[in-house]
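Below: one structure in structure tokens.
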Amino acid sequence: MPTQFTAHVDLNRSLGGGYVVLELRADGAGLGDVVAGQFVMLRGEWGRELLNPRAFSVLWAEPDGRFAVLLKAYGRGTTRLVASRPGDAVTVTGPLGRGFRVPEAGRTQVLVAGGVGLPPLHLQARQAHARGDASALELYYGGRDRDDLVLLDDFAAWGIRSVLATEDGSAGVRGYVTAALDERLATAAAAGESVEILSCGPTPMLAAVRHIGLRHDVPTWLCLEEEMACGFGVCLGCAVPVHGPRPYQYCCTDGPVFEAKQVRWP
Amino acid sequence: MPTQFTAHVDLNRSLGGGYVVLELRADGAGLGDVVAGQFVMLRGEWGRELLNPRAFSVLWAEPDGRFAVLLKAYGRGTTRLVASRPGDAVTVTGPLGRGFRVPEAGRTQVLVAGGVGLPPLHLQARQAHARGDASALELYYGGRDRDDLVLLDDFAAWGIRSVLATEDGSAGVRGYVTAALDERLATAAAAGESVEILSCGPTPMLAAVRHIGLRHDVPTWLCLEEEMACGFGVCLGCAVPVHGPRPYQYCCTDGPVFEAKQVRWP
Amino acid sequence: MTAAPRNVAIDPARVDLRTRMGALHMPHPILAASGCFAYGQQFADFMDLRRLAGLSTKGISPKPRFGNPLPRICETASGMLNSIGLENVGAEVFLAEKLPFLHELGVGVWVNFFGEDFDSYVQCARLLEAGRGRGIDVLEMNISCPNIKKGGIEFGTVPEVAHRLTRACVEVTDLPIVVKLTPNVADVVAMADAVAQAGAAGVSLINTLTGMAIDVRTRRPRIATMYGGLSGPAIKPVALRMVHQVATALPQLPICGMGGILGGEDALEFVMAGASCIQVGTANFARPDAALVVLEELRALMAQLGIESIEQVRGCIRPLPAEAPRDDGTH
Amino acid sequence: MTAAPRNVAIDPARVDLRTRMGALHMPHPILAASGCFAYGQQFADFMDLRRLAGLSTKGISPKPRFGNPLPRICETASGMLNSIGLENVGAEVFLAEKLPFLHELGVGVWVNFFGEDFDSYVQCARLLEAGRGRGIDVLEMNISCPNIKKGGIEFGTVPEVAHRLTRACVEVTDLPIVVKLTPNVADVVAMADAVAQAGAAGVSLINTLTGMAIDVRTRRPRIATMYGGLSGPAIKPVALRMVHQVATALPQLPICGMGGILGGEDALEFVMAGASCIQVGTANFARPDAALVVLEELRALMAQLGIESIEQVRGCIRPLPAEAPRDDGTH
């Protein structure tokens, strides 16, 4: 059950390339158990100019009330959060939404990440490692350049194989990570290997991943981003077009993780 | 001639009682010469919620571009300024308005201050001291309690006699400083001594000072506060009701110092 | 000089927050606003709903409605735009599945409703009449739906049309009908007067101002339907002005005020402008318990200012005596 | 999926900012707004006025006017209220003492004007006609003066009345008349159409929204006249919506857009909504050179987005194709 509480910035750790890990400490119990893909709504002391909190996937959460998010300055809110200093107060609502499912026995989970879409997959990997089945995971991680690829050491430490791609070729293969993904699925198909895709990243990347997943007919889970005002299902702002009787579901309560074939995109 | 420039907070010095001296350093030349009573418009990096700068009397200004203001948290803008930290950027416009005149030979200037109205009188005293005629000045300074009476040592150091009054009697005489002022003027009248009043402080105090000055028929100069948007004569927001052909003058350009008999108050 | 009210602080326990909207008595003036509180349930996770004077539901239509394409919301300076599309479960489902929860809880319920056309407004009021005695306290008729077709605009902007529509709905229910007016008009008093004459129990002021925002990078509107409704502190000055205009022109007509209320001081401004109660909308998104924050801040502020009751200050705003130096507590 | 415009950056020197308001050609679209720039002089201390595409003067009436009692202004969330009272030096003094300075300087001059009643509007236009060839480029007729008596409201809210007034003024001068409309109406397109039919060279959108603020400590309005005009970023969404409505309905009518413009991105939003030029108002108070900041930011932003000219993107906003995932440059 989501709660709202105040937290304070413990640490604002820069990863270079504008990426920042914000570590927060809840005044109270904090988030409790979090499923990879779940998110929090964060709002600093922003006065009246920026009314609504911003959504961030949980990077990690400890029982002691500490948790972290990964972010990059994008607009006004993220810019303020990136500039926040230890001790600054942040209002937190969460954990919110429905996350990824755990790997089934005998099935490989191919994690496809882009930019600040890493946290849900990073947490999925952390938890798999903790359970001892990190071997069932692989990471496909793309960005514009090497600076867009962060926290790689963690995946290495967890023994998770990573395939990297950058548009400028400064790390991994040159080009989009989706090309590598396509090949990976072809091999899997040939080998009759059971795989599923878990992806989070820029919407154009998710649209491409969706097509690839559908084409290869493998279960594909997308962690989507939609404009959000509340994060807990009351503003109806975060509609996601879906197939089925009702034209929309809600990113914050039905998602943010949706199955690719469910999503009504061209 | 007023200019607009960026300055950075050098020092945020607390005087207790919520009073703060904010020392700023101009990136460029700064304010240049300032007449006591002149003011600056200050605006921090406030985004879009607080649009307009806030007016503050100059406490002191150095040729090297440094200057200071005295303030107390009142509303949203002053609260942010009081919380500002060294290095914070502030946009400054000034020096603005018309200040007090220097003492005429043989005439005593009775400075009547209340709360954050001290700076114009403090600067008047500082400059008189620098010219060597501080002896022509006296300070009448009132507040709710002793915490409201700040920077007294400076006046002492300049050899200026101070009469203090607090509503709770925690410093000086109990009650309003205007009572002491009234007596002072009576004595002056009896002695045929030539005096004038320079006053700055809460509007109710200025209204009282005005009546006393008019009753004793001594030249009385009031440094007024009016809501200001621009500070340089274009928004026409800071109207001051005056006697004469035109019903209003402007606090920011015709003032902030006005002669009591000019002001059209009940 | 103008002496300010003495404002001698009193014990918060002594502050009497009771108020009423016509015949409807409330323990205090704070409700949650329509479309910002869904049907209440989700908020039970965060707060005790019974502490509210009531909540206004998401707008209900006779049949269920799906919402608009996305994006449906975007943030603006001190406000936000929305074009949700009046998505709702429809009157039947509301009565069968949403109302019982609220009824059992015992929270005051204002059912915000609308129709796609004249007849469906009346039909909706008739359907909701079934909720009388089963939890519904007020029908809040939303006649400001830019989103709906068939002359929807006229309902909210042409006094005669609003009058006929209100009269027709009042006739089919014994529930008090509070008409929610749009601020997108030149003369809100004429609108309020028209619905009052038609038997409205009061008016809710204001709904959102129609606005637009543009993404210069994509060259697209930030709201899929092009225009959306502007809410939040940005519109508070317009809301206060309209509440004051109507309260001054029609002192007998109860007003529920809203528009950009985030705290107790905002609420007190609306009461002083003439509102009998107020609704908290957009603020709920950032703080699910926003309405309770407003309530506690209002109590504390009234105590600090020595205001003993809502009635004591409701509609108390008088013009300033010109040219008196103000003792506005500034230094 | 909807591909965003490619937005390949170009050299700022290549950006063509030229625009025109009907027959009036301008080097770029940025002007200073009426009432926020006085008669220009004070700004010469801070900037080179000739770099502006023009400035709109404080509203001029046939006779000089003194302003309203104080307080005249107060700040609100992302906006401010003002009730200055249309204080001005009057047409004669303006022509004799203010205009020459601007004329010699060679800055584009829009003279914002109004009258206390129908005849004095016409009289003012006739008086200002004398400024043609002596520095005045445009007469900007302000028909949205809540402050003036004698049916002043109707000029700005009743299309027929606005039509007659515009026609009468157009007939007494050869200067182009741009009519400045109030946003306090239900149907701004009807107003724009009415003045266009009457011979207006264009419309300025928008003037301030009427609003109110209350000081709960003194129980007084924060504006002596009770209500004031709301300006600043708070009203930008309403302004953009009205510009887009008028540009879409009346593509031939030139529009000067304004309302909450603080930076280059704001200005580009107005251009994309359909404005031929824009005015910067409230922003001048915090930064005397605000309009030049907007100008330079606009140039840089257009270069960054690969927009080669104003004409290329003016009124380019089209509805979103529903349900396509957006490549809005977010991560």
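To keep things simple, chains are lettered A, B, C and D as they appear, and every chain counts its residues starting from 1.
Throughout what follows, contacts are C-beta pairs under 8 Å (C-beta built on N, C-alpha and C of every residue); 3 or more make two chains touch, one makes a residue touch a chain.
Since the model is a prediction, treat every value here as computed from it, not as a measurement.
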| item | value |
| --- | --- |
| Touching groups left behind when chain C is ignored (all other chains fixed) | one piece |
| Per Cα centroids, the chain farthest from chain B | A |
| Approximate Å spacing (C-alpha centroids) for the pair chain A, chain C | 37 |
| Inter-centroid spacing, chain B versus chain A (mean Cα positions, whole Å) | 56 |
| Centroid distance [mean C-alpha coordinates] between chain D and chain C, Å | 32 |
| Chain C residues counted as touching two or more neighbouring chains | 69-71, 77-79, 232-233, 322-323, 326-328 |
| Per-residue multi-chain contacts in chain A, two or more chains | 48-49, 241 |
| Chain D to chain A touching residues, read off their complex | 1, 77-78, 322-328, 330-331 |
| Contacting residues of chain B [partner chain C, same complex] | 48-49, 72, 74, 114-117, 201-204, 206-207, 225, 241, 264-266 |
| Contact set on chain B toward chain D in their complex | 1-4, 43, 48-53, 91, 93, 226-230, 232-241, 246-248 |
| Residue ranges of chain D touching chain C (in the complex, touch as defined) | 2, 4-5, 7, 69-71, 76-79, 81, 153, 157, 184-187, 209-221, 224-228, 230, 232-238, 240-241, 244, 260, 265, 268-269, 272-273, 301, 305, 313, 316-320, 322-323, 326-329 |
| Chain B - residues contacting chain A, complex | 47-49, 76 |
